[in-house]
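Dropping the structures in below, format is C-alpha cells.
Shared between the two complexes below is chain A, which pairs with chain B and chain C, respectively.
Right after this comes the complex of A and B.
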C-alpha cells in the first residue's frame, strides 16, 4: 500500500488517464471521462491535443467539473472553438482522432456499449420502449466508430457487465473476432475497459475482454463476481500500480470541486 | 419570404403551425426559451421535434405541455440531472414516438437537406441496434468500392425541417443574424424551410458589412422572422453573458418528476 488516501473513482480516472499518450489528439465526453483526460494532460501528457464533441479544442476546465461539452467551464480558455459538425463529423469521422474516452451504462464482453435503455426481457423486433430510458447514443457512437482507439469508463457492477448488452448504442467488437472489421469503420475499437475495480483488455483474436489488471483495493474474485460473463484472466495479468503522490495531486488540481472524492 | 422588421415573440411563436417538423438546437446551442414559452401558451400540438443534435430542457417542457408527437434526437438529457422527467413519463405512458439517432446522423440529415440531395452516406452505426429502429436508414454497398470489398455504408435521408427555431446574439435591420461560432445553426437554417430567430439585441448597421462580424453572420436569405428577446434563453445559458440559472434548472428537474409539480413550475414560468 502506498499509504495515500484516494477513492475508487479517482483510481479509475488515473488508470484511464494513464492510457492517454503525449501528443495525441484526444476526444472526451462529459463528466468522468473529461477529468481522466485532463488529468493525463496535467500529469504526463502536456502536449495532448484535447477536444470535446462540441468542438472545444485545447481547453482545460476552469472552476470544476464541466457539466457539458460546451459549458463555460470548458470553453472559456479554449484555443479554438468550432462545432459538432467539425469535431465529430470531420475530425473523428475521418479517422484523425487518436483516442476517445466514453462512458457506458452497460457494457458486454466484446466491448459493446449501451447508453440507450434497460429492458426487461427481449426488446423484440418491434422495438418496444425500455423499462428505463437512458440518454441515447449521442456522439459516443461516432467516437466508437471513428477514433483510432477508445477507452470505456464504467463503474464495475454486475448489472453493468453483461454477456450481451440489451442494446448496442456504440459498437465495440460486435460479435467478436473480425466482426467489427466487416463494417468498414475508420476506428479500431476499444483498447480497454477501465472500471472502479480494474482494467479489462480485449484478447487479440477473439476480442473478448479479459481481466488485465486489478486495483490494489480489489482482487480477481471480486471482479469476477461483479462481471456478468465468465471473465478470463489475460496473459500477464497483474495488479495495477497505485496512484503516485504526483498523479493524485495532478488529478485533484483538475477535479477542483472534488467530484471524484464524493463517491466511494 | 422574410417578414419586414422584427416581430413580437408571440407572433414569431404563433407562426409555428401544429404538426410542424420543428428543429431545435441542443441546450448549449442557443435555445429560444422565451419563444418556447409562447408556443406552449398558444397550446401548440402534434409537433415533430428534431434535435440538433441532442435535446434537453426545451423538449422536456414541450413534451410535458402535450405539444409533441414525435422526437428524433441523438440524446435526451437535462445536463447532469439525467433524462428529462416529462420525457421519461411520456415514454412510460406510451404516447411519445422516439426515433433514436446519433449526433453526426442528425447533422448529416441537415447537410443533405441544405444541399438538396436525397441522402448523405455516413460511416459508423453499422452493427448497432440503432438501425433496428430506423427502417428509414438503408445500408448499401459502396458503389465505388472494388468487387472484393463489400464496404457497407449507412444512408441518412435528407431532412428539411418545416421550422428551425433558435436564439442568437444579434440581428440587424436587414434580418441578418450573427451566430458567431455556431456554424451548425447555419446548416440548420440552410436546410429548414423557415427559420425563426430570437435575439438578445438589434445591431446598428449591417452585419455583413463588418469584416469582423460577417464570417459569423447568417444572411437574411435564410431567416424568415426575427424577434428581440433579451435573456431569451433563460433558464439555459447563452454564451458568456448569460450563465445557466442552475437553481431554476435544479428546481425543474425535481418538480417535473410529478404531474402536479410540472404543472406548477410551468404555470410559474409562463407568467
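Right after this comes the complex of A and C.
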C-alpha cells in the first residue's frame, strides 16, 4: 500500500483516466465519467481535445461535478457552443472521435450496456414495461456505435455484471467475435470496462471480457464473485498501480465537491 | 413586412395546442433550457393525450407524464442527468400509462433533420444493432421490430443500413434566451437540436427569457439561428426554464430540481405540486413570487451571467413589451 487514502470510486476514475492519451479527441458523458476524463486532462493529457455531447467545447468543470451538460458548472468557460448533430454526429458517429467514456447500469460479458430498464426475467417476444425504468441510452449509444474505442465505467456489483443484458441500450461486441462488423457502425467498440474493483478487457478474438487487472484493495476471487459470468483471467493479468500522490491531487482538483469520495 | 408576434402564454396554448397532438419541446438537455412554463400552462388548460417529442426528457416532460397528460413519448434520453431518474416519467412508463419509444441522442436530431428537409428517411449508423432498433413500445408485438428503424440497402455499396423515420411535430415550443417581438431568436449555450426542431415542426412558438430590440439581431445576425419567418408567436416569460438553467440568465435551482422530482414520484405529490406551483400561478409576478424573490436574485447571480453582457444594451423592459 502506498499509504494514500482514497476511495474505490476514486481508483475507478483514475484507472479510467489512464486510458485517455494526450492529444486524443475525446467525449465524456455527464456524471462520474466526466470527472475521469477531466482528471486525465488535469494530469497526463493536457492536450486532450474534449467535448460533451451538447457541443460544448473548450470547457472544464468549475465548482465541482456538473449537474448536466448545460449546467453553469460546464457552461461558464466554453470556447464554443454548437449542437448535438455536430458533437454526436460530425465528431463521434462519423468515426472521428478517438475515445469516449460511458457509464452503465448493467453490462454483459461482451461489453453490451443496458441503461434502459430492469425486467423480471427475459422480456420475451412482447415488449412490456420494465419493473424499473432507467434513463435510456442518451448519447452513450451514439458513442458506443461511433467512437474508435469506448471505456465503460461501472460500479462492480454482481447484479450489474450479467451473462447477457436484458436490453442492449448501447452495443458492445453484441454476440461476440466479429458480430459488430455485420452492422454499419463507424466505431470500434469497448476497449475496457473499468470498475470499482478492477479492469476487464476483451479477448482479441472472442471479444469476451476477461480480468486484466485488480486493484491493491481487491483480488481475483472477490472480482469473480461479483461478476455474473464465468470470468476468465486475461493473459498477463496483473495488479494495477495504485494512484500516485500527483494523480490523486489532480483528480481532487477536478472533483471539487467530492462526488467520488462519498462512497467507500 | 414582418409583424410583432408577442402573445400571452395562455393565448399561445389556447391557439396552438389541442388534445392528441404531437407536441415537441425539451429544447435543450435535461437540466438546461426548456420551455417548462409552456408545459405548466398545458396542464392549466387540461390538455390530454399528448404525443410528446422530447430530444431529452426534462422537468417539463417529467411533470406532464406525472400528471397523466402524455400517452406517447419519443426520447433520446429519459433521465435528469446527475439529478437521477425522472420519477414522474418513470411512474407513467412502469404503470403502462405512457408508451415511451426509445431512441438515442443523435437519432432524435437526425429524425428532425429529416423532417426539416422533408426526406423520406435518414440513414442510421447509430441506434442500429441494439434493442433501440429491435424493441418498439409503440408496436410491442413486433419483435424484432421491422417498422421502427428498418434496414435498407445502401445503393452505392450494397450494404445494409438502418433508416430513421423523419419527425414533423405539430408544434414546437422552443425556449430561447433572447427574442425580439418579430420572432428572431438568440440562444446562449448549446443549441442542442433547436435549429433542426425549429425547421421540422409545422409551427413554432418561442418562449423567451428576455426580449430585445431588433437592433440587437442586426448587430449579431450570425447568432440568430431561428429567424422570424418560421415563427408563429413569441411569449416572453422570465425564468421560463426554472428550475432548470438558462446559460447567461440563471442557474439550475438545485433544491427545487430535487423537491419537484421527489413530488412527481407519487400521485399525491404530483397533485400537491400542481396545486402549489401551477394552479393559479397564471402571471409573471405570481410566478416569480412562487419561486421566491430572494431565490430569483440568487439564481440570477450565475457564473455564466457574463455571457449576456454583449446583449444587455438592447434588453427591453417588461412594460415596453406587454402583449
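Just so it is clear, the second predicted complex is superposed on the first by the 264 of 264 C-alpha atoms of A that agree within 3 Å, B and C clash if a C-alpha of one lies under 4 Å from a C-alpha of the other, contacts with A are read in each partner's own complex, and residues count from 1 in each chain.
Everything that follows uses one rule, which is that contacts are C-beta pairs under 8 Å (C-beta built on N, C-alpha and C of every residue); 3 or more make two chains touch, one makes a residue touch a chain.
Source: prediction; values computed, not measured.
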Chain A superposed: clash or fit between chain B and chain C?
-> clash
Would you sort A:118 into first (chain B), second (chain C), both or neither based on which partner it touches?
-> neither
State whether A:191 touches chain B only (first), chain C only (second), both chains, or neither.
-> neither
Is A:220 touching the first partner chain B, the second partner chain C, both, or neither of them?
-> neither
So, does A:237 touch the first partner chain B, the second partner chain C, both, or neither?
-> neither
Both partners, chain B and chain C, contact chain A at residues 30-31, 53-55, 67-72, 76, 81-85, 88-89, 93, 116, 123, 125, 127, 129-130, 133-139, 141-142, 145-146, 167-171, 174, 180, 182-186
Residues of chain A touching chain B in their complex?
-> 30-31, 53-55, 67-72, 76, 81-86, 88-89, 93, 116, 123, 125, 127, 129-130, 133-139, 141-142, 144-146, 167-171, 174, 179-180, 182-186
Residue positions on chain B within touch of chain A in the complex are 27-29, 53-54, 73-77, 79-80, 82-83, 87-88, 91-92, 94, 98, 100-104, 107-108, 111, 122-130, 132-133, 142, 150-153, 181-184, 187, 237, 240, 243-244
How about chain C: which of its residues touch chain A in the complex?
-> 28-33, 55-56, 75-83, 85-86, 89-90, 93-96, 100, 102-110, 113, 124-132, 135-137, 140-141, 143, 159-162, 188-196, 244-245, 247, 251-252, 254, 257, 302-304, 306-307
Contacts from chain A onto chain C in the complex sit at residues 30-31, 53-56, 62-63, 65-73, 75-76, 81-85, 88-89, 92-93, 112, 116, 123, 125-142, 145-146, 167-171, 174, 180, 182-186
